[in-house]
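Before anything else, here's the structure in question.
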Amino acid sequence: MIFHTPIMAMLLASGLSSATIVWAAGFGIRVLRHWDIESGSARQLAMERRTHLVSTALVWMMVLELASLLLFVFNADRMSVMFAGSMCAVGTLNANPFGFPALMMKTAVFFGATLWLLVHRVDLKGRDYPLTRPKYGLLIAMAPLALAAAGLQLTYFLGLHADVITSCCSRLFTAEAGSIEAELAAIDPGPALLLLFGGLAVVLGLAILTRRFERAVAVYALAAALFFVADIAATVSAISPYVYEHPHHHCPFCILKPEFSHVGYVIYLPLIAGTAFGLAAGLLPQRPPPASMKTELPRIARRYVAISAGLFAASALVALVAIARSGLVLL
Amino acid sequence: MIFLEGVTKVYNEGLENEIRAVRELALEIEGDKTTVLQGPSGSGKTTLLTLIGCLARPTSGRIGIEGEVVSGLPERFMTEVRRKTFGFVFQRLNLIRGLTAIENVMLPAYPLGLDHGRLHERATDLLDMLDIPNRAGTKIEHLSGGEAQRVAIARALVNDPRIVIADEPTANLDSSLTKQFLRIIERLREERRTVLLASHDPRICGADIVDRVVTMEDGTISEGGVVEGSV
Amino acid sequence: MRCWIERQRYLIDFTFSSLMRRRARNLMLFAVYALVVFLLGSVMLFSHAIRQEAALLLAGAPEVMVQRLVMGRHDLVPASYLETLKRFRGVQEAEGRLWGYLFDPASDANYTLMVPSARDREHRLEAGETIIGQGVASARGVDVGETLLLRSPAGEFLKLDVNDLLSSDSQIVSADLILLSEADFRRFFRLPDGVFTDLALRVSNPREINTIIEKAARTMLDARFITRRDVLSTYESVFSWREGLLLALLGTSIMAFAIFAFDKASGLSSDERREIGILKAIGWETRDVMAMKLWEGALVSLSAFVVGFLLAYAHVFLFSAGLLDPVLKGWAVIFPRFTLVPRIDGLQIATLAFFTIVPYTAATMVPIWRAATTDPDMVMR
């Protein structure tokens, strides 16, 4: 079904961003081998000049990936009418086995690009660009991820046929189905909410700790990643039913729909951004600390932690409001 | 104020037409003085000015400006230093055609994101000071040569630089305009700015406002490199 | 933050004046850009509107439709078929449907007369009442509360009170529709009790549709079964390759556009190169110059996009896609007569942006970078 226009648009986007990242990773290898900020040699000057292109291309790629991610979910929702047994994005994504992996990979690539840009921003502040090597290391690590995402997406779309009968959220996210999705849905709302708000308390606590202990930043980064998972789990098992006011509707995608005033975006986007800031904070502290940013680096790391914690809190607050306004009582 | 140690600049490095425009050059320039570089064509005066003015990075060697080593800085920070420290008056004035005089003057301050009203006021003051107040709204291409040069000087001063660099500023000026230019330089000196000129114009090298003349040859200093009294 | 905004303001300011200074070249770029957006936008708006219409048609359609064939032609279905079908396992519900066409000489138009399904509570009608589509209402000049007079094929008149108008979600589906009660319908067309136009089935598990149909077809030899799936895939295959072909054609135009943009962006005049050199020498960073150039691209993109899109909108919805007609005429086979209901949504706009802004940005990024990394010391010579 690749002649569907939004699909062609997404393929174009993923093709371009894969090409961008492969090229940038190639440049990254050169940086890792030859970067020497002290030198005024022609090679170093040329490399420094090229970093402008790389960073602009990556900003662009991040915007593209975000747009493409939203388009992917939005389009899946839209296409659900074409598949028997499908009512929302879940049905479309489930029309063949590559849908969900493609979605996860795309999310991961977006994460990666955001993370990279956050580190890049900090790097530019130091007079000797102290984070250049880790930054390009990260970029090289991202390349296979982006390629995998593009490949999965292509496979998914190529294998998408209108005559497939799929199963949708009502079937997938019910407690009996025996898959990961089902496991998530099967968590009782009580523990799930405990996980969410308890997790938030832990994360906020750690954020406060990082103001005192520099080491805590690494722990915070780990906690941010875990909190992301916990929040998704809680969304599937408890928050969605509250939003739908229906105890057995666990779909994490339907909350993106206009019927539910797009509340999903307000929950997911701060969550994703918060996780990216948290992970970026974890990447910042260097050993040995670079002379140019001895005090600056920990300060920015703490700021990133604060932003991350704020975003997490915002996301959880939206969930809380959704629960409070819901007519459903689960607990 | 400014020091250079073992500074070398190679163009077309590694290619057949490789040129060492400046080689192993050492020089010290004091603040609040007016210094003139002279020397035969191709001796590296312009190249040296670009290195001191942070327009280009030396291939090797160290350059310090006001106690800070700038030679190893990436472009971004070099630009920052350049913006804070230097004002340039080029031989070809390099004003942007199609913009008005005052827009040209304000241009260097755009990336700083200053308050628009204050910036405009400052640019107007500078044009006043240089005796071209009523030409502010005129397009550059309608100005006379002398007016255009004064606009270029105003532009060099808009970020309040401590060092003003001018390359062959009088090459295209007649003697009355040259005198006018010298008066402006004198004024800058009174404001305790450091002025660095490159010129083979005897009207400049011989002027009383010049504190020191340094002669270059073949990419190095041949005369006047050492300041009397210091090392 | 204030400083950042102020800085962007200066950059936009400068960009704008720089665009103005090279008006001729930028107008040219703008025109080509807007043309590409217009072409792509027309195809996309048009096909999307059609898809939507079809989706609405299909959404109303039952999972399986059963017709009876006599001598290879569609004939009335006796009620006994209903009983037979209901006995098959997996059939949740079977219902007879009544609908037919009527040519109305008064307004020189074809109407579709239909009895609303028993499950359709919203459109429940008593004898003597009707609900009509917007098209019928305007053709006959009747409104809610007034009477609609229809002349039957046998020459008799039927008076109906207009209860309501159908909402204009989709004109194709509802414009020519007249809903009336079963009693009126049978009397009007002189249809005996116990026959239907066709039957609609609901199946509890969509996976079993094919099994059920196979079994049913073995016992009911003169019945034809049409699944929603069949309709959809026929329609998809007719539809997809046409749109695909068009887009492939347009793909070349996107390529050409990208090359054009690349060429425009990389062919900097020496004047422009010098200008950038000057900016850098007097204190602009590479970053500032790139930001300025990207603003330039954004301004051109945005204005061309808006203009191209508005033109496409006018073309498709005000002038019925006149330019696309020769290529897309095939669609008229599915929809004999239609005026498209204006529909735009975020997904489409986003897709269109992907097809135009993304290639443009991709094509101009490298030239922009090349220009922005001009060495500042060039202005000294």
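The first chain written gets the first letter, and so on, giving A, B and C; residue counts start at 1 in each chain.
The working rule: a residue touches a chain if its C-beta (ideal position, glycine included) is under 8 Å from a C-beta of that chain, and two chains touch if they have at least 3 such contacts.
Everything quoted here is computed from the prediction, not taken from an experiment.
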> Among line, ring, star, complete and other, which one matches the pattern of chain touches?
Replying inline: complete
> Based on Cα centres, what is the most central chain?
Replying inline: A
> Between chain A and chain B, what is the gap in Å from one C-alpha centre to the other?
Replying inline: 50
>> Using mean CA coordinates as chain centres, what's the gap between chain B and chain C in Å?
In response: 63
>> Centroid of chain A to centroid of chain C, CA atoms only: how many Å?
In response: 32
> So which stretches of chain B touch two or more other chains?
Replying inline: 75-76
>> I need the residues of chain A touching at least two other chains; which ones are they?
In response: 49
>> Among all residues of chain C, which ones touch two or more of the remaining chains?
In response: 286-287
> Which of the residues in chain A come into contact with chain C in the complex?
Replying inline: 1, 3-6, 8-10, 12-13, 16, 49, 52-53, 56-57, 60, 64, 67-68, 70-71, 74-75, 78, 81-82, 84-85, 162-163, 165
>> Quick check: in the complex, which residue numbers of chain A touch chain B?
In response: 37-38, 40-42, 45, 48-49, 124, 127-129
>> Which residues of chain C touch chain A once you look at their complex with the stated criterion?
In response: 44, 47, 55, 58-59, 206-207, 209, 228-229, 232-233, 236, 240-241, 243-244, 247, 286-287, 290, 294, 346-347, 350-351, 354-355, 358-359, 361-362, 365-366, 369, 372-373
> Which residues of chain B touch chain A in the complex?
Replying inline: 13-14, 57-60, 71-77
> Which residues of chain B touch chain C in the complex?
Replying inline: 46, 49-50, 55-56, 75-76, 79, 82-83, 88, 90-92, 94-99, 103, 107-116, 155-156, 159, 167
